[in-house]
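Submitted below is the structure of interest, expressed as structure tokens.
Each chain carries a letter (A, B, C, D and E) given by its place in the written order, and its residues are counted from 1.
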């Protein structure tokens, strides 16, 4: 039962944390670009406004896809440990690969629902998103694999525990950096916002969204980002108690926002070539170091 | 009924089936299906360790034995075959040769079962050839290209088979027995690594050819892509698994870790196994990349079969307890997924008569059940929970990471993420998007056709949530082969699957997903009800425009507003000019043709003068050598 | 009695030159009588000889009747009997066929080197005559020239044997101490001389033209005559020369296997494809014969029997198709029985299980392995691989391609015969002893030189 | 000497077969080979100072090596007839080859593609 | 180039045969007592102990007188004939068959319909001398095969001479057409007769081609059992056969 409360807490915290951080992020970007920007709570307003409007539905698969996306994202968010064993809802199932793939359910649901809208822009957006996934996941997974190999566990909360004496980022700095670059792609921040690219493909998958569909998918996106950043914090920054965990979470977020605010967008091949170039190479180098025991 | 009686009578029945089907193919198909059901019940009733004797062939007893492996593989095969048999009851009305189809399908079933039951290499070979021969005769029943496909299939398969045969006799010559377990014993004590490795690789090559592993993978595209549509489900879902079985026999039943313990290559894996793993990895890369760029949906899944064959091989090849289980379980997952996908495609082709993704679209409006079956099948194929496909991939990753095989792991990840790409392509291009006008009167297929798909998908889902029934024979197999017999991976009492680095609870994960879905549904119902947009408006009324966002323009022809040609153009462009192994093999075939031409031109066609020349020259050479 | 095997067809041939129209029934009568004679003297299980004119060997010519020659004669005559049942196929060629039958029997039964040369020449001449059916003159001519050269070389070999032993009797030659250099000369010449009829590469240039040129030649030359020729290879190199020169045969045979299959792969003419396949199978048989042991030779003849039965069906069907249809696509849809027999026979050729070829091919590979020969099985398997390619291609083409032509009349007798033989092939898979028993007896008889010499030279029986 | 001639004749026949384009010359060459082989055979039976193996009043009796070997002669008799048969059949085939392919020169023959 | 290769290969073959010659006894230095023919010459094949013979005891007798005596196993004065028609009669049957096969083959290959003309009138001398020579030639042919067992010659040369007579007829007369029916009947019946002789031997003596008639005195015309009879059938057969061939070569197909 405790586990259920913890899981619920994950959802609640994730929702509020990320939604407000998104607002903060918009503010920061605006400031970097010499604008004033919206208030930090603007995204709450956006979500609730969207939810309250009368939407259009493009058929049952469209509805089903949205539900699947949101359900999958929430299920993943419920499993993710937040910085320590105490805040791990399901210590027996927080296996990294389980989280990664459960996460994919949401992504698939979204992709399916959006393409189900019948709009080709959505298809193009999904095609781009999937290709991008192929780009960033590979270096990321190599780095995570080397971490798992190093700590001999794939369980996130155990990884956190094993980092008590030093962050993984310090054990394998190279890996940390690569994972962060991949995280940028995962978050869909610039320069990796190819799949939505509003000016090119009419927001890609979101083309047909309206009203509560937009709101629900925004919430899904929130949980997704929560999972992605949490994983990074847990695996590389050693988690810590809830407070520390939040601080690390915010720092990672702000860093990502800052970097993205000064960069333009990649083209799809550029993105692939980028990820499969230096980051992938370095990820393998990192793996080699781990194998040879050359860690800090 | 003894196993031997069963197999012999199955082969005999198949011939009778031809004449029954000649009278009425429908009765034949139904009988086939009933026989299939009987076989499933038969398989459940057999207890492991049962043996049976088929007869004697050149002084060697042909023995059958029922093991955990036989049980598992037979069950998987029969699930696929029986589904297709059910599917065929209706589907066959679109075929030219229903009677022959029934006959060969049943014969192939007998052959496959025989392969799994065989206790010695020669029995295995006999049934193997029966399965290959009968399936090879079904393949050309498809469209025009399928004729060539049959030839390519036969030759590729034979190239593996004959290497296997050579290996089998090499083993027999050296160890004096053909019995697999006896050979295993002898091989462990045989000091000569070279010969052992030769035997090992020769035996494995049959599996390599059959399961579409790298150097011999090209037949899958052409054969699966062009075979009669429903039979592609059997080819990809079941027949390819014969190859996996042989690979398993050569890697695990002959305990490769013990046999080749003197040539470790990397983290305790012998060089021989590593070679196979490398082949598997190559297959994943090729299969994935090629699948991503296919426009022919059947060929797409054919390449996906290449990639998944690679997974199975990698999993089994590690001989790591969890990797092995993962590889073997992947057999089941891929079998079911591929079977459903191909049956779904068969249904689509049955209605639309095309298998080009770029000519289709929006069939979800017309064939929702087929769509759902396909959807769940690809979820399983892509290895996403809660379908069973995830479990095996998870296990394989565990093994790879544990062994520190990062490059292989990388390739496995690549294949896995690549699979998202390629399974999505038909989903988007065939089922979603805009329905082309010419298909506006297409209907859902009859229940006889969608029922088998639904059943298989349901099984896959149930196993994804509660995998312990299927893990039990796999664990038994692992014990039989002595791979870490003390380790327990499936812990059904705690609902856990234990990896080396963390466990997971499939039931819990499914429940979480369910909870997430319920919450989402609650949220969904809380907020205002949507208005329906009629996506089929232009089909229903002449002159009505499309109802969705078109940038403010009016578009009347839905065919134009569909994105399904070169779906991943951005990515595909990057490897357009890839070197083609298929071309290389074609060149090899052409070389043989040219050689034939040359031989014909030089020795057979010429005038008597040339004959005289050759005769005289031969005498001289013989004289020169012998004198 | 056994001299009747030669005398009756000869007599009937001479008679039918007077009454031409009788040639077909007389041909049937001759082959039928021969089979009856053979059946009444089933497997002598020893060496019986028939000294011609009561001149005892090694002075006179003698016919040798042992398990080997019995089995060979049985197979040879059986195919003649089958052919005689097909009047449409025989046509005007009843007399050459009878002569060919007499010659093939003589070739198989004779125990005299020069006599075997005479019969070989009759075989060549009648075979050329048969080959010239359907205006296939140029190919027949090429065969004639090649056969002529081979005959000359064979004759030279015989003379060398006579000059160094003073006798033409095989048994005597095999026991007379021939100096090793002389033996090399003799066996080299014999290898070449027989190589032409035994279809060894590169002496087999005639095969495709002759087998591919009409419907009768492959049916009879590819089965009976080729069996007789390969029997003589076993007799000479197994019994008489104790395996001297076997390595020449072995090498040539291996090359023959590959070359034959490769050439078959490329063929677009149905008859020629299987003509080349026949070449390759002859290679397999010769390679196995060159091993020299009783088991190996027995297996070789077992394989040859299977091959001959399969080839009979294949050539029968192919001949019918080629001369009744311009375009062979999908013709089996119209002739299901012919098609099924053809498929069964061709699969047996490849060695798929459920068919006779499987039994022989696997046994051969196994035997080769047990003799620590790793090369031959690999060559054979490679060849089989190529064989799979063209056999499947033809089957697919003949069964599944879109048909274009009007149906020709189904030949009832041919269909029945083909079907029966196809069923025989399946039966042999289940009970290989049907052929294997005889073939093994044949192989053992060929390998047992001592028994042969004893039988011929000391147990002189005038009669029988 | 006789051996030498016969062997050289065989060589000539073989050479003729290999070089001639006219098919009739092939038959001629084949005939040369036949003849050469026959000479060779007879030569193997020669005994120095041996007589023809026919009993006459002049040669009524027999002692070893008083006659030449009669067996090769008998064989040659057979071989000659066989040669004749081959030759005749070959020639008649050529008549028809000429009709069908319009020439008996290998290079000018029509319709012998395959 | 082609000729060069041909020369090389032919030279190689010649070289090879010369090398092989080394395995043969020197020319003229043959020891007949090692060969079976010694006993053919001595006409004592049936009294040789084969077992000892093959082991090296050649048992060659020396006979003072054979010509003019009787009581041998074979009585043709011409030993070659005794080999051809008696000791190795089976070869001869084969030989006859070869010729027959070849004649049948020619018939099947040529299969002509009407007489081919030479296109010019035969020479006067030819026409006239034909009438004179023809009986002589035929008689000579008959003489040759009737005396086959006594003198050099026999069925084959005799038959050929007879065929030459037919050829002469063809050459001298453009209208002449041989009666194929007769010649085929003769050919077939003579061939059958040979086989029937053989079968008669089988019936009476228990061996095919057994010499079942009484022998006479070596050197006399009526001697040597079936040998002269066989040679006569052969002579007639070869004569009619070759005449048939000559006739067939003179036929051409319509159109």
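The working rule: a contact is a pair of C-beta atoms (placed from the backbone, for glycine too) under 8 Å apart; a residue touches a chain by one contact, two chains touch by 3 or more.
Because the structure is a prediction, the values reported are computed rather than measured.
Asker: Using the stated contact rule, I'd like to know whether B-C or C-D comes out ahead in C-beta pair count.
Answerer: By number of C-beta pairs in contact, B-C is the larger.
Asker: Among all other chains, pick the one whose mean CA position is farthest from the mean CA position of subunit C.
Answerer: Following the centroid criterion, the farthest chain would be A.
Asker: Of the other chains, whose C-alpha centre is the longest way from the centre of subunit E?
Answerer: Centroid comparison gives A as the farthest chain from subunit E.
Asker: Take the average of all CA coordinates in subunit A, do the same for subunit B, and state the distance between these two points in whole angstrom.
Answerer: Spacing between the chain centres: roughly 34 Å.
Asker: From the mean C-alpha coordinate of subunit A to that of subunit D, what's the distance rounded to whole Å?
Answerer: One centre to the other, that is 96 Å.
Asker: Between subunit C and subunit E, what's the gap in Å when you average each chain's C-alpha atoms?
Answerer: A distance of 30 Å separates the two centres.
Asker: Report the inter-centroid distance (CA atoms only) between subunit D and subunit E in whole Å.
Answerer: Chain centroid spacing, subunit D to subunit E, equals 15 Å.
Asker: When you check subunit D against every other chain, which residues touch at least two of them?
Answerer: 10, 14, 17-19, 23, 26, 44, 71, 75, 78, 82, 85-86, 89, 93, 96, 114, in rising order.
Asker: At which residue positions does subunit C touch at least two other chains?
Answerer: 114, 118, 121, 125, 128-129, 132, 137, 141, 145, 149, 156, 162-163, 168, 189
Asker: I need the residues of subunit A touching at least two other chains; which ones are they?
Answerer: If we look for residues of subunit A contacting two or more partner chains, we find none.
Asker: Can you identify all of the chain pairs that touch?
Answerer: Going through each pair of chains, those in contact are A-B, B-C, B-D, B-E, C-D, C-E, D-E.
Asker: State the interface residues of subunit E toward subunit D in the complex, per the touch definition above.
Answerer: On the subunit E side, the touching residues are 2-3, 5-7, 9-11, 13-14, 17-18, 21, 24, 27-33, 35-38, 40-42, 60, 62-68, 77-80, 83-84, 88, 91-92, 94-95, 98-99, 101-103, 105-106, 109-110, 150-152, 154, 156, 218-219, 245, 248-249, 253.
Asker: Touching residues of subunit D toward subunit C in the complex: what are they?
Answerer: 10, 17, 23, 26-27, 30, 33-34, 37, 40-41, 44, 71-72, 75, 78-79, 82, 85-86, 89-90, 93-94, 96-97, 100-101, 109, 112, 114
Asker: Give the list of subunit A residues in touch with subunit B in this complex.
Answerer: Residues in contact with subunit B: 7, 51-61, 63, 66-68, 70-76, 78-79, 90, 92-98, 101-102, 104-105, 108, 111-112, 115-121, 123-124, 126-128, 130-131, 133-134, 137-138, 141-142, 145-146, 148-149, 152-155, 158, 202, 207-208, 211-213, 215-216, 219, 267-269, 272-273, 284, 287, 290-291.
Asker: What residues of subunit C sit close enough to touch subunit B in their complex?
Answerer: Against subunit B, subunit C makes touches at 141-142, 145-146, 149-150, 153, 184, 188-189, 191-192, 195-196, 201-209, 245, 248, 252, 259, 262-267, 347, 352-354, 358-359, 362-363, 365-366, 369-370, 372, 374, 377-378, 381-382, 384-386, 388-389, 392-393, 395-397, 399-401.
Asker: State the interface residues of subunit C toward subunit E in the complex, per the touch definition above.
Answerer: 3-4, 7, 10-11, 13-18, 50-61, 92-93, 95-96, 99, 102-103, 106, 112, 114-115, 118-119, 121-122, 125-126, 128-129, 132, 137, 156, 160, 162-164, 166-169, 172, 175-176, 179, 181-182, 185, 189, 457-458, 460, 462-463
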